[in-house]
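Structures incoming, each one as structure tokens.
Two complexes, one shared chain (chain A), two partners (chain B, chain C).
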Partner chain A sequence: MSSTLAIIGSPFIPGWDQLGAFLPELVLVAAIVGVLITPFFTERRNFACAVVALVGLVGAFVSVFAVAGEDGAYFRGLLVSDSLAVLWKGLLLLFTAGIVLMWIGTMAEAMREGDGPEFFTLLLGATLGMSLMASTTNLLMIFLVVELASLPSYVLAGFRKTHRLGAEASLKYVLFGAATSSIMVYGLSLAYGLYGTLDLAKIAEQMAVPGAQHVLLAVVLIGLIAGIGFKISAVPFHFWCPDVFEGAHVDVAAFLSVASKGAALVLLLRMVMLIGSAAGFEASAVTVSLAWTLGILGAVTATWGNLAAFAQTNIKRLLAYSSIAHAGYMVCALSLLVARRNEAPAADAAQAVILYLAVYLFMNLGAFTIAALVWRQTGSEQIADFSGLGRRAPIAAAVMTACLFSLVGLPPLAGFAAKLVLMKVLFDNGGWWTVLVFVIGINTVLSLYYYLRIVKVMYLQDRGEDVLGGPILPRVIGVACAAMLVIMLIGFGSLDRLTRDAGRIHDTNSSVAAVK
Partner chain B sequence: MIVGLHHYLVLAAILLVCGIVTMLIKRNAIGILMGVELILNAANVNLVAFNHYLPADSGIRLDGQIFALFVIVLAAAEAAIALAIILSFYNNFASIDVEKASNLKG
Partner chain C sequence: MTTVLFYIFALLVACSAIGVAVSRNIVRTAVCLFFTLTGVAGLYFLLNAEFLAAVQLVVYAGGTLILIVFGVMLTNRLPSAGWDVKPWEKTVALGIGAVLASALVASILSLPPRAQPDESGAYPVLELGAALLGDYLLPFELVSVVLLVVMIGAAYLAKGRRRNREAQP
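And now, the complex of A and B:
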């Protein structure tokens, strides 16, 4: 194995030669240590920690390219590395670097001097968990990484310590999270008992044997859907999402909106894909019920998120419901991963989800950055206070408009192509998946109303307030995001070729690559 | 009476139901946390019992026990974080009644 760490030599640590495939995570761990020791050397602790975290994230992002192609199972199958994992890690690290930049540009002054080290330790810790969520198929590791992603998120949600709403949001988040994850562990313990192994690939293989389905398998699947549905914020496990987004700072809300949901979606994608491929993508009791569950879950989540967004007056709460709706669209596509005759539609659906996540990342980062800028300058998160933004801050208003149009899925932006691909993949399969296409279509029309309402407030209402000043950095991030949305639409074809392998995940059973 | 796998599974199921009922009826945040701990322990009983009774394919079977150890460790970490957040909630609301957490809605 061409390990990146091989040049350093090999001390007597079991599995040392396999660590190379997880270089991005190692860089993240090093960055966490760096953030913790930085305060000893400088007076401007918050800013210094942000720079160290940013350097670590960029370093980890670069090292993702070094590990691309080292496909296979590592550490006796506890972790796997394949193109899906690599793609998600790249997206996640890029996004988190964007969050740190956004923090420097907008939120830095609001944070008490000395809180920075804790904040960035938690942020990087959550990122570490979310990046590992994409590369595991072992029940024990699934539990560990979900908790590794969740525990820092609970604290981040309550980081405004003296703020009533922050305290309430984090309390709801932690109690709800603890409840769903405990039910998930109970489900996992039953899965272990039913199949005698913790390896999901082996479990999926046994699950596919006709007549081997035990009634307790329903409890296992309910537990898994509760645990992962909570992270995705699928209805009915979505209650925490709007509250946490409103109670937490904008940067934390933006981080959770993409990173937490995306990681859970990728984990769910990998699990469903393993179950589907072990069953040979044939219709069996497990795959059909799983496909129906995911399809209904996705349709209900998308519709609920859009309907609830109508009445919102707080921009973060509106974006929270919007993120619930978008998660719903992606869950719809996951229902394709099981119960079809061959691998091709499943691989297409997986690719559509990854492309959607890539586009979703930029539109959400742009929208939240402008929300953070408005919050920094006016201290308000109300949509009404965006009035006259077209005159007060033309660049910011234009960026916000571009991101919102992309969230709707309107043509000159990448959100359009991503949604179109998602719907096309669903439509090509026919059957009851056509209904999902209609659900997504109707939801798009519904969402047009509340996204355009913000645009209307920005351009058609004006209360004659002063020009919105503020630093240049958030505007640069916003323009970069908006530019990416246009570039991604133009280059969607090459993006499509780049992610072609995303759907062909590493399977420890059928893969040519031997378990290392 | 010979204690078999079924006895452990029934015990775990009873613990699970107790935990879910506790989570649903308690209005005290620490009470809800206790319900969570009950469910985690139900999972632990399951894991250790399965580990003992399932046939080992090759060598010794240990994965269930290791899993249980990790669940215990993470339950402690989760409790530490939840208690810290409950304390922060208490500082703001002078109560740990979850009914008081009703400022955010809609």
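And now, the complex of A and C:
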């Protein structure tokens, strides 16, 4: 009997201390269940589900604070909790709550009664995956949560079933996602075969041993970059992005623009950080080639996104290319995480990325909300139909202008500070990183043109259309976002302190034994 | 012996994998895929990974492939997908069936009268269960959420257009 028990090992019953670290995700799962049973109690199913989802998201957001400060590895090292994870979860949940509010304000009437439960289940499911993407270093978990984030997104992209473009976008998204995730899982399985462990921290440690770098390691890293690059929509894995944004509803496009890309960036940040710190931030074959790859990937992505944005006439396509460009800026900063002699530049770069994401969240939410408002009132997504918005809807036009200026990176808006910090971190390191600073600078000038074109259409063209009416809620969200952009610039110092620890990620190697 | 078997299985996998890629007929592709998957299962057997091999046969060669063929049969109305059985095919099929049946009967007859319990201490299924509820509890539970969400998404996409019916109560 005792031999049987020895074989069984120890089944794992997580205690409160373990579940505590999982609390935000638990609340999200509870919200999914809540959304699924809500339709049984009410006739207004869509609206009721939106409220339940909102309550769940706010509850999860609050519980993030309960997790804050309890750094460590949980669930036998499969889940890590540190300030990077906490910061991203806070941002993500806040943003998704904003998306739900935006849906109530603009999209609710466009959805058929009875589709709400499905919509919010998928939205919350994707959010769950994206939140977990920030807090794991286990290859199995990485694959699982990337899929959990992707699969609902495919359906969300094609949620307008009768819409031809939506169906096409969804199909493209699925095919592209399936291809890249199979490349990624191939890379992950090779990593497991090479090092015999699923824990990325241990793999990174073995990678750092001189002479232990197998040629196959290149395939592993390419696979990882393909899988995560698809989520970030880095060039050349970006083809799905404009089509999906155009085919999906504005709220889904907005959700994907920040949540999906941000989660992938945070995951990439954590992985690259682990590889860098295991190598002691010294230059080795792996770290140098990874840094170069990320730097080139970021520069190409930013330039490509900006150049392609020029020709766009559809506001969602334009914002899609703009989001590709912004992802490119952030990937540029990730190239600092490896191949520097000490930890400081890496930590600074991690912080710059988190700060950038925080600001990017509000400018994108604001811009998409106004696009959704215009769509609701005119049924159009063409930039030309923004004409005269300065007269027809002064508040909406002002909010849009603020968000666009912030996207360019002009003062007095937080986009300016975020971009400045990003460029400064790169510039401080000299070397070929200075080239990246120039690339970002040139791209900023390029982006000025297409962002300002929208402002020009709104204020300098007028086709004498009627005043744009519509509900008050989207305007409130928009004004709140624009206000946040100003507040964040004023309070950038305290924001800087808040995110100081972002770069100090938790290494499972150091504590897994203790937690067990 | 093992080496010879390995090369046979490897050749089977490689050739049929080429067939999967090259063939332009979806039914032929499916059949080639069947041989690929079976060959991989054979390789697993050679590696003493019986459980994995069984799963490979049941899930892939059995379930997934049947699903593909069903999908083709239900959706593809092209004449090329139809089967018109020729007499010589019947003969070959009967021959293979007879060989299979006799092999099965022979192997059953050759079994020892009573299977001996495995004393080696290796209970792969037991260990799998312990791992699922031990080290990998979190991913195990997470998969259930993934499946739930994906199922709801699939049901939504497959749901027929009820609008017409609802419009006229």
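Everything below uses one rule, namely that the second predicted complex is superposed on the first by the 492 of 516 C-alpha atoms of A that agree within 3 Å, B and C clash if a C-alpha of one lies under 4 Å from a C-alpha of the other, contacts with A are read in each partner's own complex, and residues count from 1 in each chain.
Here is the rule we go by: a residue touches a chain if its C-beta (ideal position, glycine included) is under 8 Å from a C-beta of that chain, and two chains touch if they have at least 3 such contacts.
As the structure is a computational prediction, the values presented were derived from the model and not from experiment.
Of the two partner chains, chain C is the only one that A:G125 touches; chain B does not reach it.
In the superposition on chain A, A:E147 contacts both chain B and chain C.
In the superposition on chain A, contact is made by A:S182 with chain B only, not with chain C. In the superposition on chain A, contact of A:K172 is made with chain B only, not with chain C.
Once the two complexes are overlaid on the shared chain, A:G193 sits against chain B while remaining clear of chain C. When both complexes are overlaid on chain A, the residue A:D243 reaches chain B alone and has no touch with chain C. In the superposition on chain A, A:L79 makes contact with chain C only, while chain B stays out of contact range.
In the superposition on chain A, contact is made by A:V155 with both chain B and chain C.
In the superposition on chain A, the residues of chain A contacted by chain B and by chain C overlap at 140, 144, 147, 151, 154-155, 158, 161-162.
Chain B makes touch with chain A in their complex at residues 9, 12, 16, 19-20, 23, 29, 32-33, 35-37, 39-40, 42-44, 46-47, 49-50, 54-55, 57, 63-64, 66-67, 70-71, 74, 77-78, 81-82, 84-86, 88-89, 91-93, 98, 101, 103-106. Listing the residues of chain C that touch chain A in their complex gives 121, 123, 126-127, 129-131, 133-139, 142-143, 145-146, 148-150, 152-157, 161, 163. Every residue of chain A that touches chain B in the complex is listed here, in rising order: 139-140, 143-144, 147, 151, 154-155, 158, 161-165, 167-172, 174-175, 178-179, 181-183, 185-186, 188-190, 192-193, 196-198, 242-243, 246-247, 311-312, 317. Residues of chain A that touch chain C in their complex: 3-4, 7-12, 14, 22, 29, 32, 36, 75-76, 78-79, 112, 115, 118, 121-122, 125-126, 128-129, 132, 138, 140-141, 144-145, 147-148, 151-152, 154-155, 158-159, 161-162.
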